[in-house]
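Written below as structure tokens is the structure these notes are about.
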Amino acid sequence: MQSTAAIEQFAGKGAARAARRRLKGGGGVDARPRWWNYVLLAVVLGISIFPLYYAILLASSDAGTIARNPIPSVLPQGNLLSNVIEVITSDIDFWSAIVNSVLVAVVTSLSVVFFATLAGFAFSKLRFRGRKWLLLFVIATMAVPVQLGVIPLFIIMAKVGWVGDLKAVIVPGLVTAFGVFWMTQYLDDALPYELIEAARMDGCNLLQTYGHVALPASRGAGAMLFLFTFVGSWTNFFWPFIILRGESLTLPVALQQLQSSYFKDYSLIMSGVVVSVIPLLLLFILAGRQLVGGIMAGAVKG
Amino acid sequence: MTTTTRPSRTSSRRAVLARLDVRLTPYVFISPFFVLFFLVGLFPILYTAWVSLHEWDLIRGQGEFVGLANFQFVLGTDSFYKALRNTFSIFLLSSVPQVIAAIFIAYILDANLRAKTFWRMGVLVPFIVAPVAVSMIFAKIFADQSGLVNNLLMGMDLPAIGWHSDALASHFAIATMVNFRWTGYNALIFLAAMQAIPREIYEAAIIDGTGRMRRFWHVTVPMLRPTIIFVVITSTIGGLQIFDEPRMFDTAGSGGASRQWMTMTMYLYELGWGPQVSFGRASAVAWLLFMIIIGIGILNYLITKRIATAGGPAKTER
Amino acid sequence: MKITRRTALAASAATAATAALASCGSNDAGGTGGGGGDVELTVATFNEFGYEELFAKYEEANPGVKITHKKAATADDARANLMTGLAANSGLADVEGVEVGWWAELLQYSDVFEDLTDPEVEGRWLDWKTEAATVDGKLIGYGTDIGPEAIAYRADLFEKAGLPTDRTEVAELLSGDWDNYFEAGRTFVEATGIPWFDGAGGTYNGMVQQLPNPYEKADGTVVPLADNADVKAIYDHLAEYKDISAGLTQWSEDWTAAFQNDGFATMLCPPWMMGPLAGNADGVEGWDIADVFPGGGGNWGGSYLAVPSQGENLEEAKKLAAWLTAPEQQIAAFEAVGAFPSQVEALDAEEVTSLVNPFFNDAPVGEIYSERATSIEVQPYQGPNFFVINTVVSDAITRWDVDGADPAESWEQGLSAYDELGLA
């Protein structure tokens, strides 16, 4: 049985509160799982995993076999590795697409965490004129479909010579409204005024206070925000598809090119899909609980 | 005299600095977001309106001022209404079943399961697969003749479905991709909301002799209402701009021979970067879609407000 | 877009299919010119131009010149590159490879490309190839390769149907007009139940390329689709024979899979199609190529090299483009990757005519395609609107050929889609 503290950490306060209640009630009301809970969950899990498994089946096969057998055999064949290698070394530069994707995702995620924490610190703990309205403004911007500004954004990028440059994808994502809002909410709870006062007494200016107190206090939420931003950046397609060219592709754009290829070997195409999923899958296995916790915490708060 | 004033002068300078620090630094801290938002968010959106009033070619750039001619043009095309229809159809097919399935999954997750984190992570796996990759996998599953689904159907002596030729079937296929990716994610949101429902309410219901099903319908679902609204609102903004999945649904990427699954954003792209290279017309579409989304957002807000003031169990939100 | 998609993954298949010989190098690599300072030139291509070894050779013969090769995977990507580069007015290569599929679209921007007219290169290419690259007397592209069309067929399926299987006999059987080709198909389908050709879309493409003015008059004005009797005639002709079509969109999942499942017996096949065909039909025996094309010769695909005016070393770039498109170099490219040369001289070159393709039952494809290239009489006029109108008609055909709609209704829809373009 997990401790409620652990639940709080992984699944947020609401979940922890609920768990505490459940424990107090000695098992709770609907809390005792029945066998069908597991059966149904297994089915759901099967559906979640199936398309990926199907991709692996095709990726481990060869073009002819795939074309002749619309219903693939249920076990993977042996060509996965050779197909993956062939895709990575093909003319569509998958290898640099992987590197580019990692670069873009890491830089944007770090930057979002940094700037969002900075703003979140200010919004939650500092007093300044217009704070409430500015925060409302930030929240309101989340409802603005900024994707629809692609045309002027493209014109701007063309003016500054960033067409086909990774900068054009990185810079617009350096800080997000969601991040600011998220960190504001978190720091509001997690950062006691006493700590700030103490830092101020020690003669820290606000930037130093941020570095010594706010940043460390936001580690948990920062990690979640990092993961969210990373996934978002990794899976982003529309804008990179418009602005990236030639040598500087990210993975989704490289995948699109793979699909529009003129000789289609579906074992290679699906290998490309598998390659694009693996890095994030590894990250997910390592840090998936944080992502789960983040989504649930966000839900209770937001 | 001067010796005594010196320290006080420095201390007053320090005080000024400290005051400035307190006064100005907060603005400096929040400024990155605002600067970036104005540069790459707000300004482009507003500028879109300006572009939409001009003849504006991808390569030649700004041309003559043409007033509302681009809007007139776009609103005079069948494609625009088709795109509008497809976008909403795909959105409905993806949001409604998704919310229902997510609540259901959350409900079965809401128990003292063994290996809780495993199950929760399990339903979240699709979320980390890029829409483009999801779409490429499902394009193969939904291929008309060589696809998995149709061959299974034919294997069972059922008629094959025209996943690409039939508009509604293609919307369903695309919505399936969206649902695949987002249902688990939303299930976790509902799960958190369910766990925040005070258990006393359930206990009271049990004492009243309410059965499991009734408890679900009469306690759980009403208590989730604010969360449902939240999920629907957030998915509206993204859902109406859908591009990745339909774009990748076939190789050509134009939305089918009759544009039967071309969405608004695809139409925008086709006008701007396709053979017409008309940024003016594309901007008109962007601006129209923008107004539609904002309109729906305001509608959502009003409805939410009414529900909130109409009482009912409040959300556990501060 | 469907007309001309080419890519990289074809590389392995294409090279295997054309049985590349080692690139020979007996020709001198152009005149030395830039004796002065170092010149850096970038060349943008896509898919397989077969230039890799040629670049090295050029650098060797022209000390001080350094060539960077930017290779896009697909023609679509190359188009997007070029369009965005033009839009940004920077970032383009000194020499850009352009596919005929979107070449016409670029003609309206001829002012941002260099005039490549040069007495030295006069008469180098087939006339129609040069004509299609000339705007107001200005030559804006040097031809690289072309796509003369032949017919690829399944000899084993022909045998089943009691049709001749030998490629000369097949050529005889199919020579004549399209009616003849379709009627042979009817006989075949009645005997076997297998569709005759892959799809009406691909076939339409072959047919429309035989019209001198498919959608636009020579002065550039469009022929309204409703008044376009030629196109309507082809459309109706195809619709009449929709029962012998396999109903597949080229490059789609189903089309790719059909090669492995006896999906159809013939298809229109330019030289660059040999690679994808052999790749898709890997392991299938019986494909062959006949030296014939209904309704006279026809061309599908091919490319040009153009020099954008935004470049810094225009003269050097022109020189390189001229050198690369000289017959000797294009022959070498043909040997390397099978890009069929557009140069008159190259067509009779021993290296070209001697090529056989083992996948297609050792068909003498070099000879066949040289013959096909010279039999092309008409190069359709493709103005800036060719591509959009062609898409409208192709979509109309797809609606009944693939999606099962009614041809007459689909034509009406096509007309309203045409009106949407607002061209008139």
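Think of it as A, B and C in the order they're written, each chain with its own count starting at 1.
Quick note on the criterion: a contact is a pair of C-beta atoms (placed from the backbone, for glycine too) under 8 Å apart; a residue touches a chain by one contact, two chains touch by 3 or more.
Model, not experiment: these values are computed from the prediction.
A.B. asks: By mean C-alpha position, what chain is farthest away from subunit A?
C.D. replies: Computed centres place C farthest from subunit A.
A.B. asks: Counting C-beta pairs in contact, which two chains come out on top?
C.D. replies: Contact tally peaks for the chain pair A-B.
A.B. asks: What is the distance, in whole Å, between the centres of subunit A and subunit C, each centre taken as the mean of its C-alpha atoms?
C.D. replies: Their C-alpha centroids are separated by 43 Å.
A.B. asks: Counting only Cα atoms for the centres, state how far subunit A is from subunit B in Å.
C.D. replies: Roughly 15 Å, centre to centre.
A.B. asks: Which integer distance in Å separates the CA centroid of subunit B from that of subunit C?
C.D. replies: About 41 Å, centre to centre.
A.B. asks: Could you list which residues of subunit A touch at least two other chains?
C.D. replies: Expected reply: 67, 70, 260, 266.
A.B. asks: In subunit C, which residues are in touch with two or more of the other chains?
C.D. replies: As it turns out, subunit C has residues touching two or more other chains at 5, 80, 87, 251, 253, 256-258.
A.B. asks: Could you check subunit B for residues that touch two or more other chains and list them?
C.D. replies: 61, 139-140, 143, 146-147, 251, 253, 273
A.B. asks: Give every residue of subunit B touching subunit C within the complex, in rising order.
C.D. replies: Residues in contact with subunit C: 58-61, 73, 76-79, 139-140, 143-147, 162, 164-166, 250-254, 256-258, 273, 275-277.
A.B. asks: Taking the complex as given, what residues does subunit A use to touch subunit B?
C.D. replies: Contacts found on subunit A: 2, 10-12, 14-15, 17-19, 21-22, 25, 27-34, 36-38, 40-41, 44-45, 47-49, 51-52, 54-55, 58, 67, 70-72, 115-116, 118-119, 121-123, 126-128, 131, 134, 138, 141-153, 155-156, 171-172, 174-177, 180, 205-207, 210, 231, 234-235, 237-238, 242, 251-252, 255-256, 259-260, 266, 269-270, 273, 276-277, 280-281, 283-284, 288-289, 291-292, 295-302.
A.B. asks: Can you name the residues of subunit C that touch subunit B in the complex?
C.D. replies: Residues in contact with subunit B: 1-2, 5, 80, 83, 86-87, 105, 109, 112, 248-249, 251-254, 256-258, 387-388, 391, 394-396, 398-399, 402-405, 413, 416-417, 420-422.
A.B. asks: Give every residue of subunit A touching subunit C within the complex, in rising order.
C.D. replies: 63-64, 66-68, 70, 90-92, 154, 157-159, 161, 163-164, 243, 245-247, 257-258, 260-266, 268
A.B. asks: Taking the touch rule as given, give the residues of subunit B at its contact with subunit A in the complex, in rising order.
C.D. replies: 18, 21-23, 25-27, 29-30, 32-34, 36-37, 40-45, 47-48, 51, 61, 105, 108-114, 116-117, 119-134, 136-141, 143, 146-148, 150-152, 155, 180, 184-185, 188-193, 195-199, 202-203, 206, 212, 215, 227, 230, 233, 237, 240-241, 243-244, 247-248, 251, 253, 265, 268-269, 272-273, 279, 282-283, 286-287, 289-290, 293-294, 297, 316-317
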